[in-house]
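Shown next, in structure tokens, is the structure this report addresses.
Each chain gets a letter, A, B and C, in the order it is written, and its residues are counted from 1.
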Amino acid sequence: MLEALEGSQAIARAVALCRPQVVAAYPITPQTHIVENISKLVADGRLDTQLVSVESEFSAASVVLGAAAAGSRAYTASSSQGILLMAEVLYNIAGLRLPMVLTCANRALGAPINIWNDHQDSMAVRDSGWIQLHCADNQEAVDTTIQAFRISEATDLPVMVCMDGFVLTHTLETIEMPDHKVVDKFLPPFKFARALDPRNPISLGTLVGPEYFSEIRHAQHKAMTDALETIVEVDRLWEKASGRACGGLFTVEGPADAKVGVLAMGSVVSTFREAMAELPSRKKAKLINLRAFRPFPAAALMAACEGLTDIVVVDRALSPGWGGILGGEVKAVLADMKKPPRVHNVALGLGGRDVPLEAWTAVVAEAKEPAGFRILDLEPAKLEPSDL
Amino acid sequence: MPVTMTKGAFAKAGTSLAFKTGTWRSARPVHVHAAAPCHRACPAGEDQQAWLARMQEGRPREAWESLVAANPLPAVTGRVCPHPCESACNRGKLDAPIAIHALERWLGDEAIRNGWTYPIPTGQPRKERVAVVGAGPAGLSAAYHLVRRHYNVVLFDSMPEAGGLLRSAIPPTRLPRDVLDKELSRLLALGIEFRPRTALGRDVSLDELRNEFDAVFLGVGAGKSRHWDVDGAVPADLHEGLHLLKEWLQVGALPMPKAVAIHGGGNTAVDLARVMKRAGVPEVHLITASGLPGPDTEPDDVLNVVPREFEQAVEEGVKFYPHRTINRLIMRGSKVVGVEMVRLKKLPGANGRKTRVAFEGTETVLHVDMVVPAIGEVVDPAGVEALLHGKDYFPADRFGRLDGQAGIFVGGDARAWVKGYPNGTVTAAVGDGRRAAEAIDAFLSGRAPVEEERPPIPYEALNLAYYEPSTRIELPTLALERRNDSDEIEGGPTAAQAAAEADRCFSCGNCLACDNCWTLCPDNAVIKTVETASDGSHYVFDLEYCKGCGLCAHECPCGFIAMEAEAE
Amino acid sequence: MTETTDLRAKQPRFRGLEAGHRACQGCGEALAARLVTEAAGPDVILTNATGCLEVFSTAWPQSAWRVPWLHSLFENSAAIASGVEAALKAQGRRTKVIAQGGDGGTFDIGFQALSGMLERMHNVLYVCYDNEAYMNTGIQRSSSTPHAAMTTTSPPGKARMGKRHMKKDLLSIIAAHHIPYAASASVAYPQDLRRKVRRAMEIDGPTFLLVHSPCPLGWGHDGTLTIEVARLAVQTGLFPLVELERGEVASVMPLRRPVPVAEYLQRQTRFRHLFADGDHRAREEREHLQALADYNIERYGLMGDGDDPFDSEGADTIRRGGPART
């Protein structure tokens, strides 16, 4: 059924469809509307869950860690500083191989404090061992949220669903909310083999010394790379169940014979899609919408980039002293190609700076510039002379 | 290793058992069954701790059986023993010693009341015959322990009834005759052939016994009064204490002076003093070289009587003069009119041995018209001259063996003092009989006699944090005005009192089954198992995991656990 | 297998913490955890803060725990316990959750998570094994370290006499949460400890137990003395054993005869500088600690009237067959 819903409200409804047994969260802009909507669903008796309103994001992550370990389907959401306060726990959840879903309403990190959207927060926990799936619009976010539980429970890996703060969370869109029956069939009740249970008392969270640590880490790494297949498979199954797919690991859109590619994640993809339709460029370019940032689809991406001379990677985050994080990764991956395209890396839309349709033209034009990194929408006039 | 365990690195329950922390240990806990001070002090060789433990378990019959494994006369000794066990009792250092004598008496009386039979260990009957001469405590004990070892025993005594001094010299106010009769008749009923009215030297000779029997035990006692004078002076009408007491017991006759000085520090002196006082002698003075019972008196210096007998004697009006001796008799003609006393003390001399030192200038005079020495007796040599060689006592060792006299064994008051084995008490005689039985058995089996040796357990080795101060039972005592010549003065405890009193026992040097080691081991390396613990404890140490921290040893209330260094 | 393996399986008590763990010799915390889990029984799920207990009990692929056990981080034992409890509630299971932490993970870094757990009224028993410093990292001061104690971050010297500040009064803060039950206990009084665990287990709601657990290594006493030292802490009044119901003191273990604090201090090298010859500060600090003990005695009314079977001298009394009083 099509409904006009705010992104956060849609996510709350999607989460409710997945019947989480424990939800724990702590308010932070721009995640708050998600938790508020879940709270309302609980208050209205539309969601039967243990809603734990904790005293910090750190405890929110810890509560869902405990809940998952005890065998419950668990969900949390956060953003920005909250993600960083969770960081220690996020590594733990992944290392303990606990399935759960977290919505990251992507937001910049301070200082300076900034409540608007970019990807710095989820990038900061890039190496935590969480699956990170990015959403281009709210329909994708709803579908990805539902898929995320299934992926997580199939792989014993936690899944972070990344959706841009405000741009998606606070935006009203027409959403097709799946039917309860469809979701129930797609997502059977959670059964966790390693659940804490006095009848089979295992110990979770043991001390692993140098003699075994590498092996445990290898097992985690392999589970992550194996999850690439699961992500594709679950997307396919969801398409079968709901009629909608999210593009698996990534989608490639635009003219098949284009020699220039643009790779981006999140809501800018929607902006670029629209720009491609509204502002036909003289220069042909493909748009690669990267959905699975972790695990990183290296082999598939190399195949997709065959024939490109240039690729412009759009980052919504910055590693000071290095450049774009996504850009660096794409460059590293494509370096293994026989004839790799030149990799151009731009950051734009940091801290909520508007990404207008025209940004597409500028991004495509970047392919003509020397390879390297820059902040594309920088306004040099605003800088102090010494910063130039 | 199952691959799935790498998923989040989980581990299965209790798998740490694969990690043997016992390799860390540099010292291991061991159970050390030490000898409790009561046991070490007991001349009869009773292990009071052991039978108190059975009492604590609520098993009085087993307690009695444990007791009579050493001493067949608990109803008697519980009444007459000066109980050095209580003086040694570690509990005395915390509050008051266990009233062991009262519990012993209670068990003895219970056994009589319930008709419990002496437990005889199973074993093959022996064909050898043993003669036991003297049916006093030493002879009775020797006969009993020989019967327990399945020997044929013939018990000889010059008197018509068994009992020796128990019957002839202890007032019934201390040892009721029905108790004595019941205890002895049960004992004799074990299969001891008793030949009364058969005196050695008169009715039977030592040589006859040697020929007829495979071994001979002499428990003939010390029946002849020791010579007594003061610088050669002796009153014309001198009566010796034991003689007066025996005469009173047999025919009720007693001299009635105005004031009497009894010289001596043993039971005879005190018993006689009390009998005379109760009979109406206005002034009864007791002069002794020993000290009076009390915290400041050293154990080897204290009056050799049951402490409560002393207290009762004081109550009854007997006047005591401790650390004194008679320096001079003040005579008018051949009649005594007074004694001059002087203070003295046993002090270590140049060679380290204690000797009596009199202190000049401390002389005092007592006006008395009678002096009674009660300073002890020596062996009556009749029939045993060949063995005594003119000495006062038989120079036997602790097992009663006499040099050059294979097959002859001696015990009780008849043997000379042996270091560590004092005699002169009923319980010492019982102990002598028990050791002699072992020596006789060893002699007839061609082996050396053995005696159990266990290390002592000092007060400091206990952990007192786990014991609460408690009150020693008070036993009923006849009021002064109701005391007479026949009724027992001190009563026994009730069953409830006995149980409560037994509960006060620290269990020094032996397992109290208190669970402390089991409860307090941080490493779960103490295993509770009543059945499997072969050392009488309820616990075994799991040395695969014991790290040797020593906590169990430190927290064992009883000092039963020691740490023993591991071999390098 | 060996004979003891068979016997071990037949022990007449539940073993929550099995042998083969790697705690130091005479470890008070290992003992405390063993006693707590024994008293709690098998139908529990434990959480554990990072620290000695976690490290010595679960060297992968082994674990000493016989109950389900979850460790995540240093500061979130209370929070993961909250999550476990929420999950159990969601699943309709009645298994009790016990959160465990040391004093570092409870008084300090995990304090917020603990407060949150108590405020939200989770049905969790939180047990803090208080050994009064960061022992796992090598004896650094925590807010639970007693005044004047030496640690590697509160060393005595010309300018300092050990830790400057007081031991944090955690129980009062716990009391302010108005939870149904909170208590302090000591490994020296296992019967009392077990009773308090059982009491807490019966309550549907948050409960808190502070268990004084000596660390031979960190306190500087022989492993044989763990109980003796713990007992003295109680008997001096330095570590009062109290029970709080809804934040109100409901009962205390009375002291029959307060022991001078010097008796306690001199058994531990962490207080050695308080016995330095010719240092006037040593005497001052000893008096200070005595005054703190006296303060506790007055504040909690620890002086009993007459002998009480459950006072500081009666509560650990034994008899043949086990503890005299249970």
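Definition applied: a residue touches a chain if its C-beta (ideal position, glycine included) is under 8 Å from a C-beta of that chain, and two chains touch if they have at least 3 such contacts.
As the structure is a computational prediction, the values presented were derived from the model and not from experiment.
*Asks:* Closest chain to the protein's overall Cα mean, using per-chain Cα means, please.
*Replies:* C
*Asks:* A-B or B-C: which has the larger count of contacting C-beta pairs?
*Replies:* So, comparing the two chain pairs, more contacts are at B-C.
*Asks:* Taking the mean of the C-alpha atoms as each chain's centre, how many Å separate chain A from chain C?
*Replies:* Roughly 44 Å, centre to centre.
*Asks:* Per the centroid of Cα atoms for each chain, what is the distance between chain A and chain B, given in Å?
*Replies:* It comes to 90 Å between the two C-alpha centres.
*Asks:* Provide the C-alpha centroid distance between chain B and chain C, rounded to the nearest whole angstrom.
*Replies:* 49
*Asks:* Which chain C residues reach two or more other chains?
*Replies:* Answer for chain C, listing residues that touch two or more other chains: 57-61, 63, 65-67.
*Asks:* By residue number and range, which residues of chain A touch two or more other chains?
*Replies:* Correct list: 96, 201-206, 208, 212, 216.
*Asks:* Give the residues of chain B touching no fewer than two other chains, as numbers and ranges.
*Replies:* Touching at least two other chains: 9, 11-13.
*Asks:* Help me check something: in the complex, which residues belonging to chain B touch chain A?
*Replies:* Residues of chain B touching chain A: 6-13.
*Asks:* Help me check something: in the complex, which residues belonging to chain A touch chain C?
*Replies:* It is residues 21-22, 24, 49-50, 52-56, 58-59, 62-72, 74, 88-89, 92, 96, 196-198, 200-209, 212, 216 of chain A that touch chain C.
*Asks:* Quick one: which bits of chain C touch chain B in the complex? Just the residue numbers, please.
*Replies:* Going through chain C, the ones touching chain B are 2-5, 7-8, 10-13, 15, 17-23, 25-28, 30-31, 34-35, 57-67, 187, 190, 222-228, 231, 307, 309, 313-314, 316-324.
*Asks:* Mind pulling up the chain A residues that touch chain B in the complex?
*Replies:* Going through chain A, the ones touching chain B are 95-98, 156, 194, 201-206, 208, 212, 215-216, 219, 223.
*Asks:* Mind listing the chain B positions that touch chain C in their complex?
*Replies:* So the residues of chain B in touch with chain C come to 1, 5, 9, 11-21, 24, 53, 56-57, 465-469, 503, 507, 512-516, 519-525, 527-529, 532, 540, 542, 544-545, 547-551, 553-555, 557.
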